[in-house]
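Structure below; questions to follow.
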Amino acid sequence: MDILITFFAETLGMSGVWPLSFAYATCIGSLLGFVTVYAMFAIWMERKVAAHIQQRLGPMEVGGWHGWAQSPADALKLLFKEDIIPDGANKWLFWIAPAVVFCGVFAGFIAIPFAAGVQIVDINLGVFFIIAIASIEVVGVIMAGWASNSKYSLFGAVREAAQVVSYELPSATALLAPILVVGSFKLSDFNAYQAEHGWVLFANPFMWIALLCFFIASLAGCKRAPFDLPEAESELVSGFHTEYSGMRFSFFGLEEYVSMFVVSAITATLFLGGYTLPFNLLDVGNLPAPFHLIGVAVLVVKIFAVIFVQMWLRWTLPRMRVDQVMSLGYKYLLPWGLFAVAGTAIWQVWMEG
Amino acid sequence: MNEQQLHQKLRATGLAGIGELDESACDPFVVVEGDSLVEVCTFLRDDSETRMEMCHNVTATEREGSIEVAYHLCSYEHHHSLTLKVLLPKPEGDLTDWHPSVPSIAGVYTSANWHEREQWDLLGVRFSDHPDHRRILLPEEWIGHPLRKDYVYPSSHGGIPLELDAVPLYERDETTEETPSEPRPAGTPLNQPPSEPSKRPHAGGKAPPAPEKKAPKAKKEGDA
Amino acid sequence: MGSVREYFSSIANGLGSAAKGMGVTLRHFTSEPHITVQYPRETKPIPPTYRGMHILEQDKCIDCGLCAKACPVDCIEIEAEHHGRVLEWTKFSIDYKKCIFCEFCIPPCPVDCIHMTTEFELATESPDDMVEDMLTWTGLRPQDQAKLEGKTKPKAPAAKPAAGGGGDDLRSRVAAMMAKKKAEKED
Amino acid sequence: MEALEMYTTDDRTDVYTEELKLNLGPQHPSTHGVLRVELKMDGEIITGSRSDIGYLHRCAEKIGENVTYLQFTPYTDRMDYLASMNNNLAWSLTVEKLLGVEAPERAQWLRMICAELNRIASHLIAFGTYGIDIGANTPFFYAFRERESIMELLERPSGARMLYNYIQPGGVRRDVDENWVDDVLAFCDVFERRWAEYNTLLTNNLIFIKRTANIGIVTKEMVFDNGAGGPVMRGSGIKWDLRRDVPYLKPYDEVEFDVPVGEGTHGTLGDCWDRYWVRMREMMESIRIIRQGCKAMPGGEVMEKGMKKMYKTPLKPAPGEAYVRCENPRGELGFYVVSEGGTSPIRCRARGPSFCNLSMLDSLLPGTMLADAVAIIGSLDIVLGEVDR
């Protein structure tokens, strides 16, 4: 960020608010591009993972090698499809809901430290900023479900609201454990700590419980199986986006994959060493400017490993029922998350003091 | 117990309206008067020696002089089964509005509920005291009972043409007026268009394929 | 204490059964070969007994109409004029909109002239194209004409099919006819 | 709200909301066809339901009155299209009973093996689609993998992959080729391994058990009241199987097999899990039957000599009527045929097992959740082609 501002102010000789504005515009533009490319790749990957788990081949035709161009082709198709707004829908809310959903998740990218210096804003409360801003998505989903004038959509939206609000609690609780270890909410501090002391995951045994709790809760947060109740295909047809078509529909798909990326980024940064290499083989944090990208690569590899596990789970497990999702959240994840926090606190005091 | 013993057992109860055991057909059956059907069924269900727990099937059949309703009861405890039959003789004259009535056994066997609804739907046999006497397979507003031998196949239902040779909806010119096609002659098989008698002998009493499609051609000439 | 034990055992059971299931899916992901067939390029072998589209050996057919009679859906239409034993063909068509591929038209044939092939690709651009013309020629062939005019007694078919048809002979004959018909269609 | 007491073990609130009417189907991913269920909902909980059938009514019984006895065989394929072989078998037995003929011995054994193979294929679909109903997609593909092998096996003698039209009055259409029996036995070996895999993946999964146990409990009284049959009946603990108790084919008397019944392993007797587990174990019993059948099958004719002319001249049974029950994968299929001596019957009634199993749906749904409704419909394993005929 600073590099960009300096670039615009000094190299191009801008003044006033312009360098900052241009810097933000560049960041957001490049992020949007990244997100689009990532989502297309993730959708292709999901289809391939699903196919190979099921002894199929998945997309093989478009683009030649293993159907790599299937997702861009689908995106193009969705772009040209008719945008249908159902009769009796609240047009304004129906129209804006996908944007709200996408904005909420997209804002989470601001705080992700891809590498040393490759971070738009290093917010003090970075961890909770991402958790909080990702929840804005619920508002959009409720808008979509209510505005669609369809009972299935409404059911999906209400389920989503209940689920996401409930699972904020265990996921935030579980994240307190690594925060206690590192002693900071700032995401860049996690990278610095892990470069020095190794992965937080190995800091104490309670961290495994915290990771498991957070991982399960984050699955619910992104509506992935076994928590895909809001869009439960066999029950609610397609849940809150039943009535959407064309580009607006694709925004919901984009949102799902982007939120997977964000929670996987948190998992990778908080537990799995962030952009640092294992055993700090190479001090990625202190490399000169162009070599920062090594850190980005390391983080993306970790993120995709977590995303693969999410996909693998989705194609293995059945879906839970609404009341079971709630009881899992409140009876299992929340107490175990608290247990991990308490255990970590005691461990910290006992080991250090 | 075999059918003869079951029949004797039924006779021994002294219930009215129990006819002979007819063994001339492939499967023997007992003819029962409609009025005593419910009592007979209740007895067969509750008696420890008969124990017909399940009403397997209810079928109405239209014969030349009557409609008969057959009840296939079976016992899971004793592995035997019995067929009861109620005969409903046809009256003279027009039969389209004739709906013979049989007492419903849905109170004895709940499984008869849907079967009886289906027989009402397809053959127009009323089951008195039925808890839910509606059509089941066809739409509620359907006219007629298709499994009757004199059923006339309708040319359209709710604006949807049902004739096999009707002009498909997507090919229809909206300006041309609907000319209602002639009703089918009685007894024409459902899966075949009405046609002239065949020159070639055909198996199964079936009509041959229609030599030409009348309705669409007439329309086209009119357009020209 | 029962409920406490239940609580912990359900955690163990849940995680354990999920892990076992994931093991199964991972094994399929890594080691099991794919079983799908990339259809237009690859095809699975079709047994010769397959009930596909029909093929007619027109020179054998005697226009008896038994196949049309046997058909439960009346999809076969035959028309020919008989000049003694010489046939002037006008129509032999099968309506694949109606055909249910039950194979009841094959056994009644007294001269064993109608067969089912392994051809299953029925898609056409218009429903009218689904009515397949089985004839290779209509009217009278030159040799039929000659026969009629000369009033010569038509010769019996050179090689009579073995009783009951069947065997590899029939299969190879059908395959050859199929290939020929396909080639004609592509032209 | 008595039915709500089913949820004593789980959280529920005493807040009741405004009644909502939800139309499940006729076009819905989990109604297995074109079933329509009108649900009255209180939030996620169903308070009332009314099922509506007839969207797939194809006049099969009327057609039966207009075609010959033989010509109706392919139409029986299309009733329960997932178990065509068993439908063919029931129809053929009915016609044979009217005619007073019996199929040759080899044909009887072939009929049994083919019917059991088709039973496995049908149960595999039930298993796979049930997984999809519950939300697990992968078992479906594994089930279809094995079903594909069965279809390939049945395609060889019959010539079709789904609507076989193979078992016909008087015997079977044609004999199998010489390698067929070996291939069937090889399939049995593969299938046993795969079956264990299904159980690891789905049957024993805790989420699956929690979703299906204690849901949709069918009591013994309900079974008799509604005329249910097959796995639905056996899932409720009633040890009854027509194959064992009233053997309609001779070979069923000679082979050994168990009749699996529900035991209430994970909850109440007769819940969805019990029905599912009965189906799974029935597949293994079918494998047992097939193995014995392949060993014991004698040689000889496959079609009764006098019946071969039926392809040319239509069958003409003497006046009379016959009712035959057969154990289909979904329950007891009954054909009631009335002949008056003509070439076609004057009444041709099919008593579909799914029809009767479905009739209990309205009494099972109230008090459950929307997600359970899907599980219950799936566990009844209906085929709408047979419900509506």
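Note that the chains take the letters A, B, C and D in the order they are written out, and that residue 1 is the start of every chain.
Note that a residue touches a chain if its C-beta (ideal position, glycine included) is under 8 Å from a C-beta of that chain, and two chains touch if they have at least 3 such contacts.
Since we're looking at a predicted model, the values are computed, not measured.
Asker: Taking every chain's C-alpha mean, which one sits closest to the mean of all protein C-alpha atoms?
Answerer: Smallest centre-to-centre distance to the global C-alpha mean: chain D.
Asker: Let me spell it out: compute each chain's centre from its C-alpha atoms, then which one is farthest from chain B's centre?
Answerer: A
Asker: Once you count every C-beta pair in contact for both, which comes out on top, A-C or A-D?
Answerer: Result of the comparison of A-C and A-D: A-D.
Asker: Suppose each chain is reduced to the average of its Cα coordinates; what separation in Å results between chain A and chain C?
Answerer: Computed value for the inter-centroid distance: 53 Å.
Asker: Using the average of all C-alpha atoms in each chain as its centre, how far is it in Å between chain A and chain B?
Answerer: Taking the mean C-alpha position of each chain, the two centres sit 61 Å apart.
Asker: Please report how many Å separate the Cα centroid of chain A from that of chain D, as a whole number.
Answerer: The separation of the two C-alpha centroids amounts to 45 Å.
Asker: Could you please state the distance in Å, as a whole number, between where the Cα atoms of chain B are centred and where those of chain D are centred?
Answerer: Using C-alpha averages as centres, the distance is 25 Å.
Asker: At which residue positions does chain D touch at least two other chains?
Answerer: In chain D, residues 67-68, 71, 138, 145, 201-202, 205, 207 touch at least two other chains, as defined above.
Asker: Could you say which residues in chain C touch two or more other chains, in rising order?
Answerer: Residues 18, 21, 24-25, 35, 70 of chain C touch two or more partner chains.
Asker: Using the touch definition from the top, which residues of chain A touch two or more other chains?
Answerer: 53-56, 315-317
Asker: In their shared complex, at which residues does chain D touch chain C?
Answerer: It comes out as residues 67-68, 70-75, 138, 145, 148, 152, 155-160, 163, 165, 173-174, 197, 200-202, 204-207, 311-312.
Asker: Over in the complex, which chain A residues touch chain D? Could you list them?
Answerer: By the definition above, chain A touches chain D via 50, 53-56, 151-152, 155, 225-226, 228-229, 232-237, 315-324, 326-327.
Asker: Give every residue of chain C touching chain D within the complex, in rising order.
Answerer: Listed in rising order, the residues are 10, 13-14, 17-18, 20-21, 23-25, 35, 44, 47, 49-51, 66, 70, 72, 100-104, 107-108, 116.
Asker: Provide the residue numbers of chain D that touch chain A in the complex, in ascending order.
Answerer: 7, 10-12, 20, 22, 28-30, 44, 131-138, 141-142, 145, 201-202, 205, 207-208, 210-211, 369-374
Asker: Any idea which chain B residues touch chain D in the complex?
Answerer: For this pair, the touching residues of chain B are 24-27, 29, 53-57, 59, 61-63, 70, 72, 74, 76, 79, 83, 109-111, 113-115, 122, 135-139, 146-147, 189-192, 203-206.
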